[in-house]
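One chain, subunit A, links the two complexes that follow: it is found with subunit B in the first and with subunit C in the second.
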Partner chain A sequence: MSALIKRVAGSLVVLIVVLVLNFFLFRIMPGDPLVGIMDPRFSPEAKEQLAAQWGLDKPLAEQFVVYLREMLSFRFGLSMMTSVPVWDELKNRVPNTVALLLPALLLSAALGLWLGVKAALRRGSRVERLVLLSGAVSFSFPSFFVQLLLLLCFAYVWPIFPLRGTTSIPPPEGPAAFFDYLWHLALPLFSLVILSFGGWALYIRNMMVKALGEDYVLMARARGLSRRRVVWNHAFRSILPPVVTIFLLSLPGVVSGAVITETVFSLNGAGRFLLEATNSHDYPSAGAAFFLLALLTVSCNLLADLIYVLVDPRVRREGAR
Partner chain B sequence: MTSAMISSEKTAIELRNLSVTYPGGGKNNKEARAVKAVRNCSFSVARGNIVGLVGESGSGKSSALMAIPGLLPPGTLVSGQIFCDGEDISALSEEALNVWRWRRIALVPQGAMNSFTPHLSVERHITEVLTHHLGMTRREGRGYAAELLRTVGLEAEGTSSILDRYPHELSGGQKQRAALAAALACGPDFLLADEPTTALDVITQKEVLDMTAALVRERGMGLLLVTHDLPLAAGLCDILIVMKDGVVVESGPSRLLVGAPSHPYTRRLIEAIRSLEKTEETRETGGERL
Partner chain C sequence: MTRGIVCLAALTLLVLLALLGPAPFGLKDGPQAPPYSKPDWLDRSVASTVILNVSGVSKASAPLTWNYAAPLRVALTGRLESGSVRWTTPQGGEFLLARGPETGSAVSLDLDARDIPFKRSVGMKPFDNMPALLFPSKGGYRLSLLGSGDVALKIEGGRWGWLGTDQRGRDVATLFLRGIRISLIVGISSTLIAMLLGLSLGLLSGYAGGVTDALIMRTVDVLLSIPTLPILMVIAGIWGKGLWNLVLILSIFSWMGTARTVRAMTLSLRDAPWVDGLRALGAKRNYILFRHLVPEALPLLLANVALGVPGAILAEAGLSFLGLSDPRLPSWGRMLHEAHIFGAFTNGAWWTILPPGLGISLICLIFMDIGRKLEERADPRLTQASMKQAGLEQARLDQMEVSQ
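== the complex of A and B ==
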């Protein structure tokens, strides 16, 4: 229990550090946040008025207090780009990002797991060669390159999928809207799955090859247990704790990767919002996006620790002591 | 002598002209790189007998033993026949072999340290085979597992606590005893023990082996004990089989074989042990004089 309290306390410290850095780093960055929202022909008086309107004329300490209050209350203030509350902006965009990333992560991990186990069981087979190749592709090609290639092939040369956006213009109504939404997400989702399942498969395959060579797996076979039980209860179960940990730790990375995917496919998601907010020095929006990303990272780390205890009875036992 | 005795009426396991070849690693010149670990080896182990398979490291003892339950690495070439109660089990599929494994032929592994799945408790190791092979419920299995642990002398430690422990929480001796308890779970006819006490200290080694021998005799099982320790095997086994370079060079009743070895290799082995004992004796008497 004390270990858990320590971990939670450590996570809170990390979040506080991120909050502080978020505030100061954006203000240290070169560039003027007002440039993006005002006409260049504005008079200096008008510019001052605009700065006062956004609270940028106040001392830094006072701005920091306002920033902290907005962040910790999850209101995040108004977006300087759109003059809409950041929370409303995120509310519109986060579901699109989740709808893209969650299935992508689950599908790629499930496909990678299945192929990785198959490859480890059938050494030298076609499945193993596919796993090795897809692993190499995952690690060798930049995601934007593969995604642009897919857009070129399946949205331009053979226009099976839409070239851009989350919905058609004008958006259809009724059940057609749902299918239109799926149609727009299909190619980005496919790109994310083919870009990441290879890494999973290679990782699982390597760990399973090692586990299957262990003496305890040989002994499980010697006990006359079914192949399924030997593979899943003995070999796979022994690699499960690191697999779960890697899955959870990869989540924040996948969300950060959404910046590229959403930009390439012009999707109305939180990743693209993060990029646009950073480029235009939209302090409240960028601060909120980075804060939420840090929150996700810290939560995933904490969750990984908790689930590790659940899936590894040895750690549970040590913890109980 | 390349083939050992075969007691036909109560033979439990019989190996006929068994050869085991590990294929070479390289793609070219495979034949040259292949290792023939066992060559035309024939012997048998009857129920109620303790048979010792002795020889130096690399003589093919473990390969011969692991060929019986079909646990050699994939790609290993096995020829010859392995009979269990008259049925040829050498060509059976993995699935068909699972019927024989543990119910009829159980294994006590070399160094029980790594033979337990790390995330499973001792209880799970035993109840898993009981539920799988004998159709017991987990609760029934737990009761029987506790009984088995008492049989192998783990009751002094508090059986229930041993049952709930994970492999890393057991000492080497406890692990070896637990491995024996697990091997006895389905009441096999035949026990294969591959250097079962290598990693243990001398006292625990003797305790574990004496207990194994007693249980084997009590339950009328056959035991094939693979060891490089000839004096230990001679003291424990009814029959000794000596292997060298994958070939059975000599076999016979333990006393006869140790008393009057016929093969030069066996003679050398025994002389080496005797000279070692003499050196030890001289050192001890010298020490006393000093």
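== the complex of A and C ==
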């Protein structure tokens, strides 16, 4: 149990750092936080009034308390651009981000796992060459370039997918709305899977190749176990903990990727909201979106940590002791 | 082996191109031809952009064989000291395009076929399509200068240069060559700064131990579990978008892998027998650190730098793609950003997308390969599995993180 508590505590520390960073990033950095909504011709009195309206005239400590309250209650204050509570703007967008990232992550991990193991079993085969190639692609091709190419091919030259957006305009009714949503999500999802399964496959192949050369695999073979048991129950089982670690470490990158993917495909998600808020100096909105993305990362991390405890008997035993 | 040589040759070529810039190839900055002109070799049925130059003291002329439909735009620039500039069509028609001063100093010309005064001076109505009237059919035309001066007639078609033009009519080849420099500067300098940061913090962490170690390693953990791109975006948005700001921001968020590697190395060497021996001989800590540990770590760190460059380049490209870079810096990410938001798709202008994208990928592949080669060189003595797992896989993960 102590291992678990340690992990939860670690996540909390990250969250606190994010909260503090988020607060100070927008207040310590040069530049007036009101620059986005203020006309330079405003009189000093008007500026003061505006600062008072946004609570920027209070001492920093008091601002921090208000900020913490707003963040932890998920209200996030008012957007400077639209004067609407930020949460009202965000609550429609976060599900879109999750609906994009979660299937992409699971699909690419599953595909990578399957291909990686296959490549390790058949060295020099076509599968292995595919894995090596897609690994190189996922490490060196910029995601937005591949996505732009996909858009160019499948939305312009051969228009079978929509060029932009999360829903058609006007949005269809009833069950058609669901399929419309899936249709809009398909190309971004496909692009994310294409971009990331190679990295997974390459990793798993490398580790599997190492694991298959170990003595215990030879031993398992000598015991006359079936090929499937040797591969999955012995070799793959032994590399599972590092696989989970890598899964865990790749999560921040996946969340980062949401910003770019949503921008390329003009999806209505939290990542693009962050970009728009940053560009328009809408600090409450940018802060909220950043906090939500960080929260998403940290909670996924924690989840992966829990899974790690489940798959690595050593950690479990340590915890029991 | 051959692959290594190819990589080095490609890198040398890129560095050379970055140093030379577009000027030696006769490529110019700024708008050159109509927006989204196709590459010259792509579609021969479309008129290319032609510049007819005539200069002389008393009389000069330039012929032009025209085999296309009328061009999109025509512009006359240059200076005229005396006399006139005339345009002769295959049918024998003649237009007086410009007249020089009777006496006194030369006039400079900057006339565009869309300007109403220009149309009137040639004798056309204000709403006439001047290029169509100047080019009534296919055949041989002639631009003649009767007098002295130096004028150029720019006939803008739908083709330009090696790689066409972008939404502002700038030459994509020029932008591409300029982009190499930005990518190399950002990639190499931010990775070097990150390496120095990681080296010093890793050494400190590994050698000092205790609270310092815990503090640094927890910082590493926290930084590794915060989504990097959003925070880079926010900082770039607030701090300003200059090149060196970008380099600094990128290096602040990419030293963690190196720090982990160096710390692992320091820990494994701190208790090695030969370090004990050195200590017994009376060696000071700094001497052991900088005369033995750092040289020991250097080859692997160099490999790490090469492996880290793609991450930095991709991160820079990503930020520029999101529009968070200085618009005056012609980087590859910026080119893709402009292609994306200014409708390269609706114009089918793939030539604004492929060159920068392939450029980024190529440069990343080159550095990855060089990194692997250096890693293999550096490895023989440091190939222990622990080291690899602690450091190099981490470096690759960092790249994966940024690139996704």
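Points to keep in mind about this one:
Keep in mind that, in the parts below, the second predicted complex is superposed on the first by the 275 of 321 C-alpha atoms of A that agree within 3 Å, B and C clash if a C-alpha of one lies under 4 Å from a C-alpha of the other, contacts with A are read in each partner's own complex, and residues count from 1 in each chain.
By our rule, contacts are C-beta pairs under 8 Å (C-beta built on N, C-alpha and C of every residue); 3 or more make two chains touch, one makes a residue touch a chain.
These numbers were taken from a predicted model, which means no experiment stands behind them.
In this superposed model built on subunit A, subunit B and subunit C occupy separate space and fit side by side. In the superposition on chain A, A:Ala222 contacts subunit B only, with no contact to subunit C. Once chain A of one complex is fitted onto chain A of the other, the partner contacts of A:Glu214 are limited to subunit B, with no touch recorded for subunit C.
In the superposed model, A:Ser250 lies in contact with subunit C only, and not with subunit B. Of the two partner chains placed by the overlay, neither subunit B nor subunit C lies in contact with A:Ala110. Touch criterion not met for A:Leu102: it reaches neither subunit B nor subunit C.
For the superposed model, the angle subtended at the Cα centre of subunit A by subunit B and subunit C works out to 100 degrees in steps of 10. Of the two partners subunit B and subunit C, it is C that touches the larger number of subunit A residues.
Here subunit B and subunit C sit at a least CA-CA distance of 14 Å once the structures share a frame through chain A. Within the complex formed with subunit B, the subunit A residues making contact are 123, 214-227, 229, 233-234, 237-238, 312-314, 317.
Those residues of subunit A lying in contact with subunit C across their complex are 10, 13-14, 17-18, 21, 25-26, 29-31, 136, 138-146, 148-149, 151-152, 155-157, 163, 192, 195-196, 199, 242, 246, 249-257, 259-260, 263-264, 271, 274-275, 278-279, 281, 286, 289-290, 293-294, 297-298, 301. Those residues of subunit B that touch subunit A in the complex are listed here as 69, 71, 74, 94-95, 97-103, 106-107, 109, 111, 114-121, 128-129, 132-133, 166, 168-169, 182.
Every residue of subunit C that touches subunit A in the complex is listed here, in rising order: 218, 221-222, 224-231, 233-235, 237-239, 310, 314, 317-318, 321-324, 333, 336, 339-340, 345-346, 348, 350, 353-354, 356-357, 360-361, 364-365, 368, 389, 396-397, 399-404.
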